[in-house]
Every structure is written in C-alpha cells, then in structure tokens.
Amino acid sequence: MLIVMKHNASTDHIDRVVDVIRDMGYDARPIPGGQRTAVGLIGNDGRVDSARIEGLDGVLEVIPVTQPYKQVSREWKEDDTIIRLDNGTRIGGTDVVLMAGPCAVESEEQIVGIAEVLRDQGATILRGGAFKPRTSPYSFQGLGKEGLELLARAREATGMAVVTEAIDPDGVDLVAEYADIVQVGARNMQNYPLLRRVGRAGKPVLLKRGMSATIDELLLAAEYILAEGNGDVILCERGVRGFDNHTRNILDLTAIPVIRALSHLPIIADPSHGTGIRSKVIPMARAAVAAGADGLMVEVHPDPPRALSDGAQSLYPQQFEELMGQIRVIARAIGRDLAAPLTSAGVV
Amino acid sequence: MLIVMKHNASTDHIDRVVDVIRDMGYDARPIPGGQRTAVGLIGNDGRVDSARIEGLDGVLEVIPVTQPYKQVSREWKEDDTIIRLDNGTRIGGTDVVLMAGPCAVESEEQIVGIAEVLRDQGATILRGGAFKPRTSPYSFQGLGKEGLELLARAREATGMAVVTEAIDPDGVDLVAEYADIVQVGARNMQNYPLLRRVGRAGKPVLLKRGMSATIDELLLAAEYILAEGNGDVILCERGVRGFDNHTRNILDLTAIPVIRALSHLPIIADPSHGTGIRSKVIPMARAAVAAGADGLMVEVHPDPPRALSDGAQSLYPQQFEELMGQIRVIARAIGRDLAAPLTSAGVV
Amino acid sequence: MLIVMKHNASTDHIDRVVDVIRDMGYDARPIPGGQRTAVGLIGNDGRVDSARIEGLDGVLEVIPVTQPYKQVSREWKEDDTIIRLDNGTRIGGTDVVLMAGPCAVESEEQIVGIAEVLRDQGATILRGGAFKPRTSPYSFQGLGKEGLELLARAREATGMAVVTEAIDPDGVDLVAEYADIVQVGARNMQNYPLLRRVGRAGKPVLLKRGMSATIDELLLAAEYILAEGNGDVILCERGVRGFDNHTRNILDLTAIPVIRALSHLPIIADPSHGTGIRSKVIPMARAAVAAGADGLMVEVHPDPPRALSDGAQSLYPQQFEELMGQIRVIARAIGRDLAAPLTSAGVV
Amino acid sequence: MLIVMKHNASTDHIDRVVDVIRDMGYDARPIPGGQRTAVGLIGNDGRVDSARIEGLDGVLEVIPVTQPYKQVSREWKEDDTIIRLDNGTRIGGTDVVLMAGPCAVESEEQIVGIAEVLRDQGATILRGGAFKPRTSPYSFQGLGKEGLELLARAREATGMAVVTEAIDPDGVDLVAEYADIVQVGARNMQNYPLLRRVGRAGKPVLLKRGMSATIDELLLAAEYILAEGNGDVILCERGVRGFDNHTRNILDLTAIPVIRALSHLPIIADPSHGTGIRSKVIPMARAAVAAGADGLMVEVHPDPPRALSDGAQSLYPQQFEELMGQIRVIARAIGRDLAAPLTSAGVV
C-alpha cells in the first residue's frame, strides 16, 4: 500500500502516518519525490483497512498495491481450477462447456422435453430456475421445491448435470440436495450470508457478476466461498449496467481475459441475460467463446413466446443447434474444444 | 403498454400481437402511423410480462406506459407517508431528520458516548452497524448481537431511536427486537427473501438504493415490503456507481425530487457512503437538504482515525455540529425545519 | 411519438397537448387507457422537438416511436452499404477487413517498415496518426503534415490504403488529400462542424463511437455526414466508459449486432483502444469478428515499448500474425472471410 | 509514478523497468515489499507516458502519483482565481454568480425581453445560444451571427454580460468579439483545436464537463486553455451520463467540492442540462449552491412551451425569481452571497 502525501504535507503529517502504520503492526517506508512524499506500507497481508489512513491530515490518496483477495488469485494458485461433475463434465480446462435450458422450470413436460433436445445437441449441463428472484413482487417467482424435483427428473432422463439458483441461506441445503451446481445470482453477488452458506454446501458454485460489480468485487465475493473451504467456484460474466437502451446490459467480454489473468477459477459467459434480446444471443455467445470463455450459459425454451419469464431472450432449440456448430469451430481455432457430448452410457 | 412494430411488419405480424395480448387477457388496439403501426395494450394491471411480446416477429420495441410498481406510487396514495417513532421523531412531513452515529458499534463507551454528543447536537436517531456486510471476508464484520445490545443501551441513555442493519432473513427478527428502524443495505436492495421478511417484522424499514439500481428498481424493491403489509418504508439515496475515482460513488441527488414526485414514501440521503471522503460529506449533506431530502444519515465517530470501519468518511463530532447549524438555515429557506431535538423528558 | 399523460391529467391538459401537436403541423390521436390517457402524434417526420411537449401540464412522459435518424437506417436503405477503396478492398460485404498500424506515425522507417510487414500478413489498410488528439497538452501531438506524407509513402511502397484522423474542420481537406479514409475520433464524434466538413470531403469516413455515446447518438452523428451527401461511412466501436479500472474502457461488442440490425452502414471494432492492454487485444479482436464485425482496427508497432504513444496496447508484429490465423477460421465459421491480401500487382 | 511488478517478476524484469525509466530521463527507485516489488519513478514532471512502461514484461500496473495537470492545480496556484467582467461581476471569490437566459437566441424581442426580466431579478450574466450543437442534423441549429448581434443588443439594453458558445476554431474570434465569456460545450470538451483557440481569444472561457469526462479529464482540458496563456477559465458541472431514464443526466454535485480542492479555478453548475426537467431544476440549483458552487447557469425562457430548443428544462421567469430568493439564503448560510445585482448605473 502506498500513501501519497499532499505536496505541502509537513514532516509532522508524514511522521503521524508512519506512526499509525506501525501502530497497525506494519512497517512504513517514506519515499521522498520531486513534488511530494509517498509512504510505503510494507508487509500488507491484505487486512489493512485503508480508511484509517485516508482520513489523516496531509494524506492525498491511499493506493492499494496488494490485491485485496487471496485464495482466488493466480498468485495463490498458478494452475487453472478444473471442476469435475458426476456426469463427466469438466469445467475449467481446455473444454468449453454448455449450460442450457429455460429461464424457469415450468412443468415436467417442458423441462424434460427441452433437456432431451439439448442433450442431443451436445449440452451437458441443464439450467432452469426453481426459485426466481424477480424485480417486481408481482412477477412469476418459480415453482420452488417442485421445480427442483422436476430438474432431478430431467437429470435422470438425460444424464445432464443440473445448475439452479439458491436465493437465501436457508434454501441452500435444499438446492444443494438436488443440484450439481448451486447458482448465486447477480443480485446476490454481495449477499454474504448466502455466499458463506454455499461455501459450506459441498457442491460447486456458479457465481454471477453483480449488475455493476467491479472485477475485484466479483473476485472478493468468490473469496467468501473459498474462505469457507469450497474451491469449486465458476465465475460468470452476465453483463453490467450500461447507459444504452438498445440492450438490457453491456456484456463485458473483456472481463474474461482479465479474470483469466488474475484468477485460476473458470469463467463463463451468459449472453442471454447479457443482452436480453434473442437475436443478439448467438453473436455474443460466439464472441464469448472467441474471447476465451470456459463455457456458456444460454437460455433455450421449447416455445419462447409462451415462456413464463425471459421469453424474449430465449433461443429456439434450432437456433441453439446452429450456435453449437459455430462455436465448435471457434473453440478449435483457439486450441480448445466443446465438452464431449453425453453418450447414452452417461445417462444414469 | 405500447408495442411498436417494425416498419415492414406484415398484417399477420400485427394480428399475431393482437392475438397474444388478448390471450393474456387484455385488450389490444392497433394504432397505424406514418412510418409504422403501434399496438396499444389496454387494461394493463402491472402484471404484463413484456418478454412474451418482445420476442414476437415484427415487434420492434415494447414500451411500458403503466408504472411497474403500485402501492409505493403517488398515484396509489397522494399524501406523503409520515412515519412516527416512539421518541416522537416524524419522518416524511416537513421535518428534516438526522440519523447519525458511527459506521460500526465498537464498544459501550464508544456508542453511548457518541450518542450523548449527537443527541445534544440535535440528532434524534442513532445509527450504528452491528452486522456489517463487508466487501472482503477478511474485514471486521461487526459485533453482532452484542452490538444490538449496546445500541439499546445507548437508546436508554439518550432517548434516541436506533437504526441498524439486518443482513439476512433469519436475522431480521433479532434486529427488529432491538431497533426502531431496520435497515436494508445497498448490497441487499434486491435480496427479496430479506425484503419480504422485513415487510413482516413490524418495524419501519430504511431501504438503501443499490449500487447501480434505477429509481424504478428501488421503488419495486420497496414494493416488496409494502406488498407484505408494511407501509413504513424510508428510501435512502447513497450514491450510485460512477466512473470517476475521486469519489467512491456519485451521489445522485436528483433522485430526491424525482422520487418525491413518483412516490409518497420519505427519501433521505447518506452523504457519507455517497462520497466516501470526510471533506465532501458536509457540502453534500447541505446539498441533499437543499434538494429536498427528508433527512440525512451521517457517519460520525468520536475518533475517526481509529474507527474499525469507514474512518475516512466519518465526521468528527465538532464537524457535525457545524453541519447542523448550516442545514437548519437551508431547511428553513425551503419551508422546512430540522426535527425538534430530544428534550431530557424524551429520555426513557 | 407517444405522449403519456399523468393519471390525473384533466381533459383540459389533454386538449392542450392535442392543440400543441396540431399547431406543430402533425395529427394527434388520444388513446384512453385503464390508468391513464396517451396521445399519439401521427406523421412524425423525425423533426418533432419533444421538449416542447414534455413541459406541458399533465404530461408524464414523451416516448419517441420514430427513430430520430433517417438515411443511416435500414428502413431507409435495406441493403448493406459496401465501400470500395482504390486498392480493391471492400468494406461492408462478407469480407472482414483489417486496418492495422501504429498509433502515431513516427518516422519513415517506422511507418514504411511496419506497413510492409502488415501487408505481407494480410492487412489491406494502414492506420497511423498524423494529428493526435491527446488528453494532456503536454503529450506528443503527432507529426502533422509530415506524418501524412510518410503515410503516402507507405502506401506507394505497399499498396495499402491509408486511414488517418482529421481533428478540425480546417484540416479535413489536407487529410483527405492524403488519406483513403478520413477518421473522426471518439472525442470528436459530436463535433458537428467537423462532421459536416468530412461529409463534403469526397472520401470515405471512419466514425468512432464517442466515449459514452449511445448507439442512437452514433447513428445521428453518421447522419450528419450522410446529410452532406457522403454515404461512405464506416462506424467503429472502440469501447465505452465503464467503472472498472482493469481496462481502459468496456468494449461494447453487442453494439455490433445491434447496429447491423438498425443500419446498413459497415461496423468495425477497435480492440486496441477498446481494452487499452496488449494482452487483451487478441481475445477481443477474435470476439469482435465472432460477433459479426465487418473489420478490425488494430494497433501494431515494430517496437511497442518505444512507441511514442499507446505502446501498452500495441501488438508486436508476430502477435498480429497469430491473430490473423485465428480470425480467418472464425470468419469462415460464420460464413465470411478475411479480405483478400494485396498482391504485388495491387501495389501502385 | 509507481510501477507495481507482478509477484513473480524476475530481477531481469525489474532491471529492465529501471533501465527504461532512466532512458526516459528520470530516476528509478525499486521498493521491495512482502508480496511484490514496486519501482518508484522519481522526478516526474507530468510528461511521463506510462504506456511505455505498462507494456514491459513483469509489470502488473502503473500508478500515477503526480497529477497529470499543472497550471490548473491548487499546488501550482494556492489562491482562488477570480475573474472580473466589465460589468463588475466577479466569478470565483465569495460571490455566487447567476448566468441565466434561454437555451437559444430566437429573436430580439425574446432575448432583450428576457434579459430585462432577469437583470431585474438579479442575474448579471445573460446566456443564450447563437450556434447550437444539436444531436440531430435536423434540429434547429441557432441563428448564428445574427444571434450574436441580438445578444449584444441585450447587453446594451441591460448591462448584463453575455456568455455564448463557440463550436469550432474558426468561429472563436467572431464569438469572442461579441461575448464577455466564450463557452465551450460538453460535446467539445476534448476538441483540442477549439480549446487552443479559445486559449488565445482574450476572453474568459466557460468550459463544460463532457458527458462522461472524469474530473481529471476536465482539468486537463482546462490545462489546454491555460497552456495558451488564458487563465480565466470557469469550469461547469452539467451532469454526466447515467443509467437511469428518469433524468437526462446525473448531476454530479460532488464534483464541486472535489474540484475546489484540486484546482483554483471557479466551478459552477448547470442544473438545466444536468437534469433536463423543469421541475428538477430548482431543487438541484439550490443543491449546487449548498454544495459550494461559485455560480449557476440556468435556462429561463419567457414562454417555455414555445421555445425552439430545450423548452422542457427551461424555467418560467417567475420560477427563477423564487429560486433567487431561496439561494440567497443558502449562500449566506455558508458564508457567501449572491453577486450584487446590476444597478441602472451599471448599464452601458
């Protein structure tokens, strides 16, 4: 951490900064410069609260040098984290993994039917919401436990793994009982009691980036999960808040190579929520793979205009098939490949 | 709701939109124009899911005309909501109310000491965190239940009402037992299980605007609380995510007059989190009152450089006193006044 | 245009809106609804100033239905605009075009040398700044006219077309004399006198999206050029202002499919400015092609660490070669191809 | 400048950084730390191009310590700049100055009429656009030179000073001939040829913050003007691009105290463009004064619904009078006062 002093800071101001740093248990090293002095804080273990120093007289700015996160960083663990699911899918290596399915589980016919189609098209993980966090209290909120049971039935029928969302700490165990991957949604990225609970749930976690979360905040949210002993975290870029009304969000694909450099955790993209518009999902899904995403989460519905939620951004099944063909070529162009499709032997 | 068709939409496309609208139980009225046709959806009760229509062929755009929220709107309730606390403080009328105190409760000496000072300076509500949601898992997370007990002791000693945060649904009842106002923090603005629970907790709720929440999203979050039967909600502008590094957030004061026009709920401002820098708190606190805020939430600490959290944005007590003098004049300039200070008779 | 009235708007308010619309020369059609009345303005030719209506009593909101731009829209011209340069390069059809070169022209050796390398690698358009708009007045501002002459020499030596920036109306003719494409930079996207002048310069124009311009604003800026009679405009997504400090901007690739739907003009991406970091340029360049960009503008420098500007985001020549290999495959995966490389016969 | 090395940077990497810094003519000082080494660049005169270092191997991040601007900073000049106009108005200092008038000059009757009203209400500077930069080429673009002449006539009639915008370098001299203050609009904040020209025009300059300009970028734009020898620059906060549709922009009032700390230049606010809605102008104008603005620029039109531009955000004259009464009290509450009104003796 570097404490930059104002150009007119007095010796007393500088001494006071040095004293406070030492009082906090760290070493301080003043660095005089042409225009101003800076003070280096040496030995920062990531726990220094800069606020205590920022408020001191004569301090212009406090600049963090140490990254605020630890276990999620590549400096902590050099090699890519690879998460292995029971159905053989590996997330995080050279494979590009497809998670697909409807926004919400609506009925057995809907979820099992679409799962069979998607499995045949090459997806290995089924998405579908049982508990839906909705902006309006008057919108459809999901089937709840019944939705989880239907997802389990779809898994039995197809061999696909299941990813679905938990929306409060109390519900985590129930979701973890049915799901192969527990999802934490964008609105809950900084719901710390929820993060701690999924950190102890014994299942991989899909953590979506918050609406306007910085990359550091996303990594710190993941750190909450790792700090509870769960290293199987998949990060997900799903668009950040922007100012243009033509799309729901700005899908920040640059976050993919940025995160790959900073962290060993796998990072996927959700072009469905990232754009909010069906016709933009396919180009942005391709772009995400080209940018190096470890996978995609895509909404596909057997009959989008009749979907109970997010119909406007759900692909038709035949569009998903077309997408699979394109991204297979793109993945190979950058030395990767789509995850192997499930064989019937893979079906439980 | 207005469905704008593409300029080359066919009659079939338009008919299909009309059919879907009628199938949803509403009336449809095509409006031919110079360049394109639009279709009005008549009778929207706020429950129409536009996604179902957005994805139809020939549809260019779906424009909501009805506001998505109901009970929070001025159209639902014309008169300002006024919330009355046991110690006589009224939030929402012509009074400008001061909530002040440290970021976190640290010790009995700290919280009772600062409460006495603030009460004498004219604040009537004491803020202080017992459960702290922190970006890093390695930061101080608050004293928990002990913090709540210390807040209660400060209330006994001073007569101030207490506002403090609940961070998960399970913790709401405990917080509500000790607090006069239960706070929902910015990170939890869309934590719907938490919103529902505070909606049933029988205490007024302070709801902070999320980091990048639109005003409509804030009002919809409040709607969750009102939908549970709790109409005593205080909204709080605390800064939205911006792109400039000189301040932590952009304090969006225009939200104050905007919300006053849209909703009957009181709206206050938090210039401490809104700026993140002590020297900017006073000017922005004054500005918030000038913009029409119903109150302020300000961090004040007896010894900011030694605060366990947010020291850099906490005022010294003497700064708070100076601020009180200035905002009293500003409040009167716009036909309002500071809430009457607590008399010793007001002390329990 | 739809004028949404407040729920309590009186008949007089509605009549007044109708009168004002008719006074402006358009037709007005009131549309009564469940909660409120809306008034449709019929016959909007894109010249209606909504401000005049927004301020009327009883008006809640004015919603534009007609797009504010005309000649740039697909509704005006269905087929893709294809721009043909003298060296045979076509921008806007199925080809994916590569514009590459250093941020700034620094010397004859530098610009001719890199042009030869890039031509051999398959780029057909040479970029290089002669007039550089710099945030600080103390930064290198370009070689000016001498830079233009050096670019012309590089064109003679290689057959590449030249794109370079004009920064004020007076300089347009000079730049147009030397360049095959005149660039308008992001900071000047709404510099209307400049737009008008390049609209009359008789050369194709590359128009970069402003730092926080909406897509509609970008299209309206292009409209200024088309309104002067110049239809050869290439749009360029180069990143918008975001809130994360890990990258200089957020490269908004979704703008590519959005613009392709709205406009017939070609749209390319600049991943160098869009990310600001060399190691992110290649993944984002691939992503842009996968998203459907008609071309790329990429900074390549023979010795990036010694570049006079933007060295940190410039590729090494061998990196550019690797990129070409990858995007060739990606372009073909989506039914396109890289523009044919220049043969020696193509050299003037 | 501090160069932070990656934790696994080799000694060679560090040596290379040191060499490059010395090669650039500065001194380098390595600072070993617990997790990583940083290298301090000593003697930065504000001209260091960090890009050259950012791209070196082993470099994690380059952190500027020296501010990039010079003459605009308080470190360069401690005392507030006070700008004196011919009619006695002083901008800077303790006065709060009112610039008011219509968005655009429309006719002699309009501009002289409103000037007389505003002068009597206490404004001392008349605003009014003669050259209007408009987002659409089809909108009213101003009366041009005739508008300047009408402004001069209004000055003769009332004694008010005149502020009006120049939109290209060639037009600066003409505008400067008629205006007391030459305005550079938000869209042109980084139009460097224009900034240089107004820097040599011999008149004070009002420089508006760009749509999404950081505070540092605003100060650097002002630096362009000061670098040409013109120190009379007034900065203007007029709202930055936000994500909420209820207002046109987010008026970033915190920029006012931030800029007052960083720079000696006066800073005013434009709540008309900052909000875009008449009913929000008055509260935000009050808030700006409370935040410490040195003045306001407010749009007032004799008949807003018939204004040729920006009618929806223009105040009625009687609203302006009410505002004057309120801000007079607020100014005094913080130790300032409104600028003295013009006496008839002040009239030329």
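Letters A, B, C and D name the chains as they come in the text, with residue numbers starting at 1 for each one.
In this section, a contact is a pair of C-beta atoms (placed from the backbone, for glycine too) under 8 Å apart; a residue touches a chain by one contact, two chains touch by 3 or more.
Computed from a predicted model, the values in this text were never measured in an experiment.
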> Measuring between mean CA coordinates, which chain is farthest from chain C?
Replying inline: B
>> Tell me which has more C-beta contacts between its two chains, B-C or B-D.
In response: B-D
>> Distance between chain B and chain D based on Cα centroids, please, to the nearest Å.
In response: 31
> Quick one: chain C and chain D, Cα centre-to-centre, how many Å?
Replying inline: 27
> Which whole number of Å gives the spacing of the CA centres of chain B and chain C?
Replying inline: 40
> Considering chain B alone, which of its residues make contact with at least two other chains?
Replying inline: 212, 241-243, 245
> Which of line, ring, star, complete and other names the graph you get from chains that touch?
Replying inline: complete
>> Can you tell me which positions in chain D touch chain C when the two form their complex?
In response: 20, 46-47, 49-56, 68-70, 133-140, 167-171, 187-188, 190-194, 210-213, 217, 220, 223-224, 227, 241, 277-278, 304-314
> In their shared complex, at which residues does chain A touch chain D?
Replying inline: 2, 4, 7-8, 29, 31, 33-36, 38, 40, 42-45, 63, 65-66, 75, 241-243, 245
> Which part of chain A faces chain C closely enough to touch in the complex?
Replying inline: 212, 214-216, 240, 242-247, 250-258, 261-262, 274-275, 279-280, 283-284, 286-292, 326, 329-330, 332-334
